[in-house]
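Look for subunit A in each of the two complexes below; its partner is subunit B in the first and subunit C in the second.
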Partner chain A sequence: MKEGALIHKKICMLGGFAVGKTSLVKRFVTGQFSEKYQTTIGVKIDQKSQKVDETDMVLVLWDVYGEDDFQKVRASYLQGSAGYLLVVDGTRKETVDVAGQLKALAIQTMGSVPYVLLINKSDLRDSWQVESKLYEDLARNACLVLETSAKTGEGVELAFAELAKQMLKA
Partner chain B sequence: MALPSRPSLPKSSSEISHEDSKGFSSLRRLLLAPEQTELERLKDRLEDFRLQPQDVGRVLPDAIRLRAQQDSRLLASMIPITQEALSLSIKQSPQLISDSIAPILGPAIRKAITRAMRGMVQSLNQTLEYSMSLKGLQWRWEAFRTGKSFAEVVLLHTLRFRVEQVFLIHKKTGLLLNHVVAEGISGQGEEVISGMLTAIQDFVRDSFGQKQDDGLESLRIGDLTVWIEQGSGAILAGVIRGAPPMELREVFQETLETVQAQFSELLQSFKGDVTAFEETRFPLEDCLQAQFEKKSQGLPLVFWILLGLLLLGMGIWAVQARSDQQRWAQLLERVGREPGLVVTSVQDQGSQSVFYGLRDPLAINPNEILSEFGYTSKQAIFRLNPFMDLTPEFILKRAMLQLRPPSSVAMSWEGTNLVLTGEAPHSWIQQAQLIGPIIPGVTHIQMKQLVDTDLKQFETLKAKLEGETISFEVGNSILGEEQRSALLSISETINAIDQLALLLGIAPHVQVQGFASPEGRKEVNLHLSLLRARGVLNELALGSFRAASIEAVGMGPAFVDEALPPNGIEDSRGRQVGFRVVVGEDRVSERL
Partner chain C sequence: MGVKTPYPEILKIFEALILHVQSASHYRILGLVPSWYPLEISTDGRSIDPEEFIKKSFFLQCFLNEAEEFWQTHNTGMLASGLWVEAALMRDGSYLEATALIQEEQRFIIVQRYQPELVTLQPVLQKAREEHLAHGQELEVRNHVEAQLGSQLAESEQVRDDVLAVLDHLQLTIIMIDEHNVVTYVSPAACHLFTLDKQNLVGGLWPDVLPLTAEQSRQIQEQRALPEGNRIAVGISLQKKHQALLEIEIEVHDDPRDYQRTILFLKDRTEVEDLRRQLIGQAHFEQLIGKSPSMQVIYKKIREISPVDVPVLIQGETGTGKELVAQALHRLSARKGKPFVAINCAGLTDSLLGSQLFGHKRGAFTGAVSDHEGFFEAAEGGILFLDEIGDMPLTVQTTLLRVLQEKEIIRLGESRPRKVNVRVIAATHQNLQDLVAQGAFRSDLLYRIRIARLDLPPLRERREDIPLLSEAFFGQARAVTSKYDVQEISADAMQTLLRYHWPGNVRELKSTFEYALIHCQKNHIQPSDLPPELHDSATPILSLRSSPRDEREEILAALEQVKGKRAQAAKLLGMSRSTFYRRLSELGISPEECSL
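Showing the complex of A and B:
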């Protein structure tokens, strides 16, 4: 990379509804967390500067609404993403399947771009439903699989940092 | 390769018989001559297998292109050479380089400056235009209230439209390539806005099933309009305050086309590196246009009021200046006319005028003239040296001061003489005679018409005394009661004459003359007349004389024609005593 370059990258947050996409972005960008659930409608975009090695980056985070039975995620939102975070709610088994569908959609629209698989809500391990066997498929091409918590902040920074690094390499 | 087998040809043909060999070779030459020469040439080249410049020249452009497509190593290896060559070239012929970049540099600098000036001048114009009007005052208040700058308030009120922000967005990723803002606008979260604009585009397109190149063209949020231009690789979005004209669309379109044409490859291969798009700043800034309301026809009321006041002020000032000027001229004229004052120059020293010149000490105090014309010593002062004015007026003034004449004396100037008329005491006349000639300007002093009051009195007393007679009885020298009392007043007269004589500096001689009647003997009569004179002299009550002298003289029989006083009485003529005052006639007349 050229010296003094400023690299902008689009990242999508993909996952079922209420898995904590918005919370993860909020934790990453502002360092805050709220128990209150306000479902995302459409997309919400945030940006955060990130330095990877010697390169300045601006991560543009597309927090897409969670896919459910009523709303399919629009492929056009995913277009142009250089990477994505695939989020599974550790307390809800069914979110693994949703993540699988979204991964397929991502590959279809973005091609094989780096992604990080997050099993979120790690602070609620007592009511954990998702075992690693369950998401073997999802994890297959992931550059990193992490258990995270938007509430405690566990793994959040690392997840974004790793994705940024992989995107630069790609 | 087929070629190496060919040289064996001549070898095999040499095995043929000698007779035939001549014929063969000529046949062969006939048949194969062109190939033969071609072969010879090829052979030479193979033997001398070195790169020919013309060969390299033929393939070089293609070779470079192909290599560059493959990767950037060729480019990398060329960088140091190019740089070195360039720096060497600059060193060797700087003129050449400067000549070649001057045509680009000039316009670029000009453009940058114009751009910077335009914004500044516009806001300045607006601010100036409105700062005088009533509306302007209102807005000033608003600015004060809201804490905005006055220029900003003016801008908001007079704005038709203004492009406040322009986004250049990468179409595929929705990432922001570049972003410019109008002066005074602060952009925030441009990347987020850019993303949202793309998302909205996508949403609209997906929802209404439009084709890829269709999309939202404009958005409206309150006062703001967002115009979006779709290109093949990029999107241009302008945030506009107010109501933009349709021509602005064309500007946006043109800009987008220019940028896309210039950056088509970069747009295609975009991997998030936005630094390369910094160069789109200038074309994008061309989109930051603005238009302001034309000012209402005519000038604001306040302007007219101010103009009116200004004219009035100037009028008053002009009138005042004129009367000031007149007053000053009058002062100068008055000072010039004033006797005893000679102004040689007037100099302006700051706000004060200084009069230089001469002044007779007897002349008027010039400050009185100043105040007479309404000036103070702050505006004008006099620096005058004393001198003596020898005009008659001042000679007379000086004479008056020096001589202090009594009110009965009048002084005048005739030709070159100081003329004194009227009457004055002897002592004053004496003094005037002494001082007069030394008064500057006086050469002669004329007193012919000046009466000496003391001398006149002397003459009067003299005449009075000489008119007195004391009569006696026949043959007798005895003074009766009546005669004695008459002698009392006569004594007083004689005393007065002595006093006046002292004053006048003369020594009169008083003769008490005794007479007798002509009858009788001459000697007797002479004796009798002497007795009578002595008797009178004895009877006179005289003080001690200081100037006069007195004697008794017997005149004998009276000589009517000569000696008798004019009021002599017929009857007693002869038997009497009379008085004569003798003054050195010459001296007295000299005085007159």
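Showing the complex of A and C:
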């Protein structure tokens, strides 16, 4: 997707509900964080310019509502994505399964595009239920696996930067 | 373009942006442009270029691709995009939703705007998800608590197992009882002590399942009712089948965790009690009473001699209990189930004694009207107690010696020997060695019968036993006389008893109490209740008998008093029957005189 001379890349944020997708985008785009949980309805689209290896690009961030029993993610939302961030909540091991289903949907819809696996809420590491053995399958083929915290900002910049880099290469 | 807008007023109310798709990239706005439209619009309310709007929306561009597929595959119907928020397009954060329509081959895109507060799905979904998260957190906390409790439980069980293992190892004898009197724990040592299985004890009411008498249970319950500091240990004796008596001490403690629960600590004191008894001396042995060192020696010798199947000679003054010792030897020997036959050798002629000992054949002598089995045969397999053997005529001594050597007897009037298996225990108050020297006793018989010897001490040489013996005889005399209102022996009376020299020994002491009980008018025995001879300790009763004439008169008086009944006369005089008969013989008192 292009607007003028800038390269636009669509990135989908995928994961179960309340894993912190919106907070990660907010931290990345505005540098802010809110403790209050606000569930996402539909899709929220934000943009952020990113320079990768001297190349200016605009990341179009599709913060897709979290999948659960109430809402299934529409495959059409994923179409046209150059990459995605697959988010797991480290404090809830059931979000690993949801991420697995979304990864399958992403592969089915987008084919083999770069993705970064984020184990989010590293600020609550003491309460983590998710061990590396649990997300072995999710991590397979990921260009990077990161422990992140939208609250502290840990790993957030690196996650987007690495994905942007991989998308540019692809 | 020829399309008639049927309901412009309605469209105006909904403020929808309606685009007529004229080609893949050419759109036309139908009706009024809604007020929320983010781009510049012309004065007549119509956008000049709706494609600019589409170009600004990444979402709408994607949706148009999806709509194109829909239009190509459908002749009628619609496809909704779902809500989206796009900051680059709608700076106020409002939601948009696009709908692709196809009607009579005409394609339309309708875009509607929703203020966030009008998105009704949001609060519902928000609430549902928050509840889900709260439930998840609650579940997690519960799981965490469960895991923690499980871990604590496992830890507690481990500690409990360790403590029980230590208790078991220490062989502590413990019974735990709950507030409902139910046994909740019994240590293996306690099970072993009672010879009961754990399953027979745990779960039952303690007075029912523990092998205690009602009185013992009452004592324990009494202690339970007291404050812990005021309790004393309850001592109980427990007779287990085929086992010695157990001496158990039970300490009653509160469970420090719950004062309604009780822990019984049981201590097997049997061995301690045995040792204590050994240390302070045994007060009773069979029917013998006494804890003096001299009696301890006697008890020890009885234990040593009884199992060895040899003749025994018991020597001691009259009344020292020679027959009781003989009976003890019998009961403790392998012959205990066989007869114990006692015969007094004093005062019998040689023919009569021979007949009684060895039996006779009918017609063997005048009056032998039938065959008669002697005491040797009667005691077959058991013990023959020959009291006052020193008074045995020499002819009988000779026969006895042969019987002891050959282990066979010949009845008087017979020539056929009969095998006998009898252990002989002889007793005498005389010095047999002196009798041998005087030629009144066969030395070879003496050597034969004194393979084992017991010399009983006179009572005056074991005065420390007098209180113990007194208590025993006092109890017996109360029973005989039925004077249960007499409660005790006064200190003065006891002093009198201790001062006396007891020529008649224990037998005399026993008859003294019968005398005292008969005369006692109060609830305790006073010195005045005792026989008169006890009050003149300077003039021992023996001195009264030092003169044969006086003694002869005394015996005759006694015989007269009891109308010639020798046994009663002997008792009256504090003599054994054997001594009495011996004295009759020695003093030349004829049977006729006895009957007078």
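Side notes on the structure shown:
Just so it is clear, the second predicted complex is superposed on the first by the 165 of 170 C-alpha atoms of A that agree within 3 Å, B and C clash if a C-alpha of one lies under 4 Å from a C-alpha of the other, contacts with A are read in each partner's own complex, and residues count from 1 in each chain.
Quick note on the criterion: contacts are C-beta pairs under 8 Å (C-beta built on N, C-alpha and C of every residue); 3 or more make two chains touch, one makes a residue touch a chain.
Please read these numbers as outputs of a predicted model, since none were measured by experiment.
Upon superposition of the two complexes on subunit A, a steric clash is found between subunit B and subunit C. Look at A:60: by the touch rule set out above, it reaches both subunit B and subunit C. Of the two partner chains, subunit B is the only one that A:82 touches; subunit C does not reach it. Applying the stated contact rule after C-alpha superposition, one finds that A:6 touches subunit B and leaves subunit C untouched. Once the two complexes are laid over each other on the shared chain, residue contacts for A:74 go to subunit B and to subunit C alike. Contacts of A:139 after superposition: neither subunit B nor subunit C is touched.
Contacts of A:161 after superposition on the shared chain: neither subunit B nor subunit C is touched. In the overlay built on the shared chain, the residue A:46 is in contact with subunit B and with subunit C. The single stretch of subunit B with clashing C-alpha atoms against subunit C, selected from 3-11, 201-209 or 543-551, is 201-209.
Where the contact sets of subunit A with subunit B and with subunit C meet, they give residues 1, 8, 10, 42-43, 45-47, 60, 62, 74, 76-77, 79-80. Residue ranges on subunit A touching subunit B, taken from their complex, read 1-2, 4-10, 42-43, 45-47, 57-58, 60, 62, 74, 76-77, 79-82, 167. Of all the residues in subunit B, the ones that touch subunit A in their complex are 170, 172-176, 189, 191-192, 194-196, 199, 202-203, 205-206, 271-275.
Against subunit C, the residues of subunit A that register as touching in their complex are 1, 8, 10, 17-18, 37-39, 41-47, 60, 62, 66, 68, 70-71, 74, 76-77, 79-80, 91-92, 94, 127, 129. Remark: subunit C residues 58-59, 61-63, 65-66, 82-88, 95, 97, 119, 121-122, 125-126, 128-130, 132-133, 136, 140 touch subunit A in the complex.
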